[in-house]
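Below are the structure tokens for one structure; questions will follow.
Letters A, B, C, D and E mark the chains in the order given here, with residues in each chain numbered from 1 onward.
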Amino acid sequence: MERLLCYLLILISFSQAFVQKDMSKTAFVFPKESANSYVSLDALSKKPLTAFTVCLHIYTDLSTTRSFSIFSYATKKDSNDILLFWSKDKGYIFGVGGPEIVFKASEIPESPTHICASWESATGLAEFWVDGKPKVRKSLQKGYTVATDASIILGQEQDSYGGSFDVNQAFMGDIGDVNMWDTVLSPEQINAVYVGGTISPNVLNWQTLKYAVQGDVFIRSQLWP
Amino acid sequence: MERLLCYLLILISFSQAFVQKDMSKTAFVFPKESANSYVSLDALSKKPLTAFTVCLHIYTDLSTTRSFSIFSYATKKDSNDILLFWSKDKGYIFGVGGPEIVFKASEIPESPTHICASWESATGLAEFWVDGKPKVRKSLQKGYTVATDASIILGQEQDSYGGSFDVNQAFMGDIGDVNMWDTVLSPEQINAVYVGGTISPNVLNWQTLKYAVQGDVFIRSQLWP
Amino acid sequence: MERLLCYLLILISFSQAFVQKDMSKTAFVFPKESANSYVSLDALSKKPLTAFTVCLHIYTDLSTTRSFSIFSYATKKDSNDILLFWSKDKGYIFGVGGPEIVFKASEIPESPTHICASWESATGLAEFWVDGKPKVRKSLQKGYTVATDASIILGQEQDSYGGSFDVNQAFMGDIGDVNMWDTVLSPEQINAVYVGGTISPNVLNWQTLKYAVQGDVFIRSQLWP
Amino acid sequence: MERLLCYLLILISFSQAFVQKDMSKTAFVFPKESANSYVSLDALSKKPLTAFTVCLHIYTDLSTTRSFSIFSYATKKDSNDILLFWSKDKGYIFGVGGPEIVFKASEIPESPTHICASWESATGLAEFWVDGKPKVRKSLQKGYTVATDASIILGQEQDSYGGSFDVNQAFMGDIGDVNMWDTVLSPEQINAVYVGGTISPNVLNWQTLKYAVQGDVFIRSQLWP
Amino acid sequence: MERLLCYLLILISFSQAFVQKDMSKTAFVFPKESANSYVSLDALSKKPLTAFTVCLHIYTDLSTTRSFSIFSYATKKDSNDILLFWSKDKGYIFGVGGPEIVFKASEIPESPTHICASWESATGLAEFWVDGKPKVRKSLQKGYTVATDASIILGQEQDSYGGSFDVNQAFMGDIGDVNMWDTVLSPEQINAVYVGGTISPNVLNWQTLKYAVQGDVFIRSQLWP
């Protein structure tokens, strides 16, 4: 009996194995609402973080209908160790190690939208950029360290490490150009990323992405330039 | 007595006979509300479909007044086997084999509007483009096959094969540039069609259209460029 | 006694005598509300009409205050044989031989506005153009013929041939560039008229206009280019 | 006793003596609400008027707060012989010899605004231009003559010749480029004035203005080009 | 015991010591709400003022949420001797020596905003410029003199000389390019400052700023050009 369980676990882990691909000019498409369709990303660096920047494109028509997860980075210490989230009533939510700040917005327009979020432990300064425009900076978790070995998931929001998804927080639409650095990018660098440049990302790199797809997620041409 | 009936039937089928014409630069004009004015289209290919794209121009001032049919493709299996429909309260409705998805919109502006809809059975991915802009993709009827020998009707919505029209779902205004393919066009191809190119349509071809007009429908110059 | 009456009638008809003038670059100005200020136009052709196009410029700030007449073409058969009318609650009204259709609009902006209306008996197709933009075509009086010897009046709406005016339907503002044809102009021709060209009008011609002014109506430079 | 009064009157009239100056590129600034700060203007011509045009720039943020005087031209016959006035609820008021017409407007935008008003006795036609755009013409005081020897005041509204001011009708903000003619300017001339030209004004001329300041009114650089 | 207190006071004054720096291209960032984070500025000139101009950039998303201080210049005579303040319900508040005037505005847009305020004792004329556009001038404290030896604070509003802060009046966001003159700048000079020029400021000079930071205030690159 134990042996059977063991085989099953091996089977499951195989089905979760990461593939690597240059995702340039393509995007993940999440066409339907579910609690079991998602993409797991494998980080280039698994070290603890005292600073980071994450950038990505999303395209969705969901923002006036309900809240949803944009980027869910769970560690064994905290399932919300880094969280980008859309709250229908508040706007963009940026969380680090639990505490969250709000960057007010009434909707995400139904057109491809570029988002960058950065944070540094030394000052607690959190920055948030929407389509190349900086929101007013806020303070978040001064002195905190994001833990190691993250479970990074697109399409679902983790309430436990790698699981505990909620269909009402699932993403629908396109996500692409996901890149992550272990530093705070300067305004000039953010602008370079926004206009399509690559600034050698060292945590997640869309050009050499290691990912695993679960459920109804498809790779298609990007709908943005 | 039977012979008389037979003659009548022949007469009716003659009056329904398709004519063929290059419809370039022209449009069908539906100037009044009725349940018996419409255009039937004869497909180049009558094979079953596991993928398709249909594009057309409409010009109407009806969208804030009531719902109406845009493109009604009935088969003997399902009178709604392919359906493009405007719902006054929801927006654009796209149905395949019964189930429908909604692409939210509050109105169709009172100016000529270009619409493309595509679907593929393998993934269930449904795309919808309005004036060259893609709406967010949705999932619809993964694994389904659209049946053969369609009754394709503009101006009315079929609730049975070739009939059962409802005056409250009739179209008023102009329809033109109706083309259909048995494949999913790429974003580049959709854009080429939107700016006036022709991508060799193989199900319906506006340049060699076979159609039959019933009632008050007129052919006039296109009001769009 | 009869002789006196006769002289009076001659006198009245003299006071109504038409003058002819090239009205190019000028407009009739109706500066005040009344039931007795108006302009009568004398048609070049007095034949019955089975098709026509009429174009004109108006400039008024009245559209959100009340309804008013734009162009009143009465015959002995019908005082509303051709009628262009603004309805504060509905928009533009276009009537032929009694029946009317509505081209929805919420207001006429307080800037010079160019209007064309055309109709053809054979199909009943009625077209309406505002500032060079076609409204969606509608169906009106298929098979009808507009009668001969019209009383054509600007500034007032006729409820009988040449009279029965209503101060609440009087026009205030400027009217100019009134031209009329006994055919349906093509979209290209409408556009040529809109940008200031002349397409040889054969019912009313602003460049050789025969008109008679009653009451406080003045001729001034056009306020549009 | 009489002698003392006499001296006082001389003193007062001295303190009211007009100065003459080229006011080009400058404006009168009325920075506070009062019933005793104003500017009197001395006309070049004191003849009766059967036609006139007056143009000026104003800059104020008062239009959604309350009504105020723009140009008050009193004669011994009528303290409102010519009046330009802003009515918070109605828009621009233009009065001649008592009767007034309204040019509807909901606000004066908080930016420098150019206004011209003209009137002619022969037809009663009154024109009103805001920032070079003509409002729809109206009829006012056909056959009337504006009287001689006006008391022309900026900043306050006269209810008697040279006095009877009301703090609730006082102007706050800037007034400049005040010019007046004893004719009706053509649309081309109005446009020339609007873009900064000078059309030899013969009633009031900003370049050779004779004026007397009372109270807190200051001359400063114009805030418009 | 007294000696200990003395040492403590020396320690505190040391911790308050001003540093001097060229702040060009940088800004102070106030990322969180507090009553103890602020920046003190040391004036180049400590003389009494009978005229002044102060200019600065702010970037905040707070204006529709609550009121806050923009520039607090306290003297021993009056803790509000010069005050620039945002009132959520009224707009910009400009105070000199107690009395305040309001420059109406409904919000500060969530983008970097340039503000200049000037005042002169001789006329009482107060000017206020937002993004290079002058508001309508108002009258304020004619004949007043601003006292010497100011405590100039960014980030908090003083209710006593150098203290009595209120967390509900604290600034959040970025402040930069703070310059101050002891004269009224002309419209041309204000425009030169707005487009990035330097007009030799002699009270506060951003290029040679002497300042002391308290609490969570950080210096970062300017987010405006």
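Remarks
Following the convention adopted for this analysis, contacts are C-beta pairs under 8 Å (C-beta built on N, C-alpha and C of every residue); 3 or more make two chains touch, one makes a residue touch a chain.
Just so it is clear, the model here is predicted, and its values are computed rather than measured.
The chains that touch chain B as well as chain E are A.
At the interface between chain C and chain D, two copies of one sequence, fewer than half of the residue numbers in use appear on both sides, so the contact is built from largely different positions. The distance from the centre of chain C to the centre of chain E, each centre being the mean of the chain's C-alpha atoms, comes to 65 Å.
In whole angstrom, the spacing between the mean C-alpha positions of chain B and chain C is 40. Not a single residue position of chain B touches two or more of the other chains. The ring sequence of chains is given as C, D, E, A, B, with chain C as the starting point and chain D next. For chain B in complex with chain C, the touching residues are 29, 31-32, 59-62, 110-111, 172-174, 216, 218, 220-221, 223.
Against chain A, in their complex, chain B makes its touches with residues 103-104, 123-126, 133-139, 142, 186-187.
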